[in-house]
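Note that the chains take the letters A, B, C and D in the order they are written out, and that residue 1 is the start of every chain.
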């Protein structure tokens, strides 16, 4: 073989590898954004750091598992049901635990959410044991191939649904009456209340919406990976990283942050070290903090 | 300040009775401590081993126990974590006062508890771990019935030429099990003229391997040697298919549960090779088919997952080995059991279990020489490859 | 009478190894004691400066790893081409090294993290612990990664002939008790001084605190350094007692355990973490004695935490003090001083 | 207006030069220039939103001004942190009641004595006797401070449990504990009853008697006119008048700003 040909071959190979990493990152970024948006909405509107976010994510995955595997419910129906149950669970958490703490400081609600998180995770462990479960999906097993790139139908579907849900959330926040109430509450809770916005309802709805998105993310990713009770921890830590990256409370920030994190992880583990994959998000947080402590898309907060 | 100390004393007074009133178990049964990963990254395998151990316990007790007493397993969850494994041994030896232990599944977990065995002078039968370090570290309380990675790699050797392996890449967990196995296989393959490509590692808890698989794809080998437990293996096979990684996948370490792979990875499991230490699809090839049959029948009768058969037998054999030692020693005391283990002869599923000496002279550990089998999955069925 | 109670209490605790022969109970007392030391240090941040620092286990773990590594010796590439080789050091020296490492990390992270407050600070502190965990997991050359640092030597003091070995439980217990008492004294001195008042001022009203000249960041960093040094000491004790350290030492759940101890006992009170620590150190064993699976135990923790926030928002110690009409503020030695001052004027 | 204000007078303790503060497009203060001389009581008055509190925030480092300079004892305070400014001797109170609510009244003043104390972290941790001795001295000083504002009987009550008027007094005691040479009082009598206001005026005079210069932001004209040596009137971010109380009361521009265009014309 001529030396030149080998060179070109290697370069082509590494370009393929780069493109494959990029494609993986885009697909992954969609679900990260979905996780981040739910968390950032809840923080922005309610000023609650939601530690149960990861557990609602795991809940979505377990509902999916329970419906599809033992009960044999249609995959797509189960997906809708998982999201709906996630919304209900979110509303229940808000009404049960948070509605009474509306004027409490951020640390108090945080402690309550940590308590709820521990209780929920161990309930999952008790109900489903620590053994990993996997969910069958109805997609063709052969991946979609395009040159040297390939992606499974299941992941493509996940990306499509995640994008739809993100777009739907944008629409809801920016062009509906509910969205208007949300934005008003976000800007100034007291004024919004004076102008007739039912803050308690906005809170419940926000928490339910955020939880629905988390449950949807869990239900989407459960079939891609495996379902274990601790799956929520990693998801929650990623969601926190995304939200800090984007700036607490910013929906655009969470979306962009989701993709940035996905690219950082995929490229970092592809070209630096695969072991530090999960560290990328935190390293980004620390870098951001050094440069711009309030995140990339921070909303101006007045210090009074 | 002063007043608050009064509170502390009172609080202690309230809790002291709770602490000291530890339940005294059944006096007459002989206790056997078991430390297995019932939760965490190795939960599936750990639970299978525990199920196998319980089958052995019931079978032995149904036959009248040993030395006229029943045996009682005390199974503690080491949560797939080495520090937790140490605390289970602490609890089993100090609180339950068991004279002998079985555990702790993964090599890292076993290595973690070994200093405690020496500290408290309690022997342990190792049912799964494969790292060479375990029996060469000079711990005279270790008796391993599972094969080492080196034994496994040596057994695999004839197949290198048969399968036509030219260049192999590695993917293994970054723990003693994965690293030990990777090193032994790489050594064996190099000695047989096979080129070794990339060696990628993964955290035992990782679920997304796209980056590693992309690198392995870029390396361009014809074979991928994977060492991990069945949970990660399932995901790796699925994701390798998604990324069109068209290489021969060989999984080693024997914790690969081919049946579970077929069930959970589906088509992605086809064309893969696996080393197992017990092939339940053709028990007749084992040294003691009647023992294997008895174990399999009971396993199925209890409705356990058939995917766990390749794992549960380890616990079954481990308990029978311990009971053989108790019978030989005539009493359930640690030092007597340790001495007795050197002489046991058990007809087990691993083969005929007996211990040879390994490690530095004077502080040798016991090592069994079990049989190794290679199987392959085609069209959702497991078939045998000659070894 | 009440003046002598703390001394009697410590004497009682010191006498435990003399009559307690059950090794397992000593084991529980030792681990509980180590966790109480860590919880006391967290209380400095959580209770006195009012910063919800949820990465505290990082300092505990850094103390444990640094001490373990120094006592075992190591060889690792700090940067490409820069190989650092350390021969095994005596355990007492390693433990001091562990404390110093934790304090240095506390200084660095304090400088960095206190650029932000509130939710950002909380998430940053969690992230810090996660990063350290991932480094411990992946820097296999140094930390052995998930294989854990094993066979860590136990503490030995003194020269040959007259050697104190801290391998057996009664000795370890005494050592832990001594460190706990020392930590308690240091924390008490700190919080009842100018520095402690500055920390409390910052917790109560940050703008007002700055307006009277309190350099808030400096005191936050001071609190973090002292808290991380004490947490590092707890970690070092832990490492040389269980004699194994693995990356899971950095799990968030351990920080949560410390937080529960502090919050339940009463944050911002000296006795709070001790009461909370005794409660949550012994509770798991009591639940285990009642044959409860660990999941149920954790669910109980979670529910208890929610209930404490709802019904005992300030914790057990302040609640009892209120009931008994002896608030911490009035029970403080300052009261005597004031009386004396009034008499003088 | 007085044109000769370009350079600081040599005896000016505080001099604010061309201070401007803009929030985005909104101008809070436009080119403000005024002095406070040692020993003076100067009041800053003006309608709501005139930029008085913003001026305080800029002087004490809580707000970064857009342009201009703040000089104290002829050294610029710009770029210093709030606590460093307090250490130079410029201490403020806050518009809303500002005390350390969860602590006793005595503790509150002890916290205010922070700058007075010389304890170092090391001496504290070592438990040196000098620390204990200083603690006794500080307590004496705190009691003295409480006696000054008349709160000694409340020393062991929680600050948050005090009635409103006493909380304002405590706020002043905390600020005084920091040993200021310039004290900035932000609306100290708002919300007080007439008797309390009168006694507060007495307190302000007694503070001045301790050689402390005072800059006062206040809406209550009776108090302002009663205690001030000089009054600076702000309107929409600009200074419209600077002079003795009587002079200010007669200034037509001030009357216009306060009472509206129509009233000013009718008055003439």
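Here is the rule we use: contacts are C-beta pairs under 8 Å (C-beta built on N, C-alpha and C of every residue); 3 or more make two chains touch, one makes a residue touch a chain.
Treat the numbers as computed from the prediction; the structure is a model and nothing was measured.
Common neighbours of subunit A and subunit C (chains touching each): B.
Of the two chain pairs examined here, A-B and C-D, it is C-D that is joined by more C-beta pairs in contact. Put simply, the chain closest to the centre of the protein, by Cα centroids, is C. Mean C-alpha positions place subunit B and subunit C at a centre distance of 36 Å.
Centre to centre, using the average C-alpha position, subunit C and subunit D are separated by 42 Å. Here the spacing of subunit B and subunit D, counted between their Cα centres, is 74 Å. Residues of subunit A found to touch two or more other chains are 125, 275, 278. Counting partner chains per residue, subunit D shows two or more touched chains at no residue at all. Within subunit B, residues 174, 203 each touch two or more of the remaining chains. By the touch criterion given at the top, residues 185-186, 189-190, 193-195, 197-198, 200-201, 204-205, 207-216, 222, 226, 329-330, 334-335, 337-338, 340-342, 344-345 of subunit C touch subunit D in their complex.
Against subunit A, in their complex, subunit C makes its touches with residues 50, 52, 112-113, 115-116, 118-120, 122-124, 126-128, 130-131, 134-135, 137-138, 252-253, 256, 259, 263, 293, 295-296, 298-299, 301-306, 309-310, 313.
Residue ranges on subunit A touching subunit B, taken from their complex, read 13-14, 16-17, 20-21, 24, 28, 125, 129-132, 134, 136, 141, 143, 145, 150-152, 155, 225-226, 228, 230-231, 266, 269-270, 274-275, 277-278.
Listed in rising order, the residues of subunit B touching subunit A in the complex are 38-40, 43-44, 47, 174, 200-203, 205-208, 210-212, 214-215, 217-218, 220, 231, 234-235, 238, 241-244, 264, 266-268. Per the touch definition, subunit B reaches subunit C in the complex via residues 1-9, 11-12, 15, 18-23, 77, 81-84, 86-87, 90-91, 94-95, 108, 111-112, 114-115, 119, 173-176, 179, 203-204.
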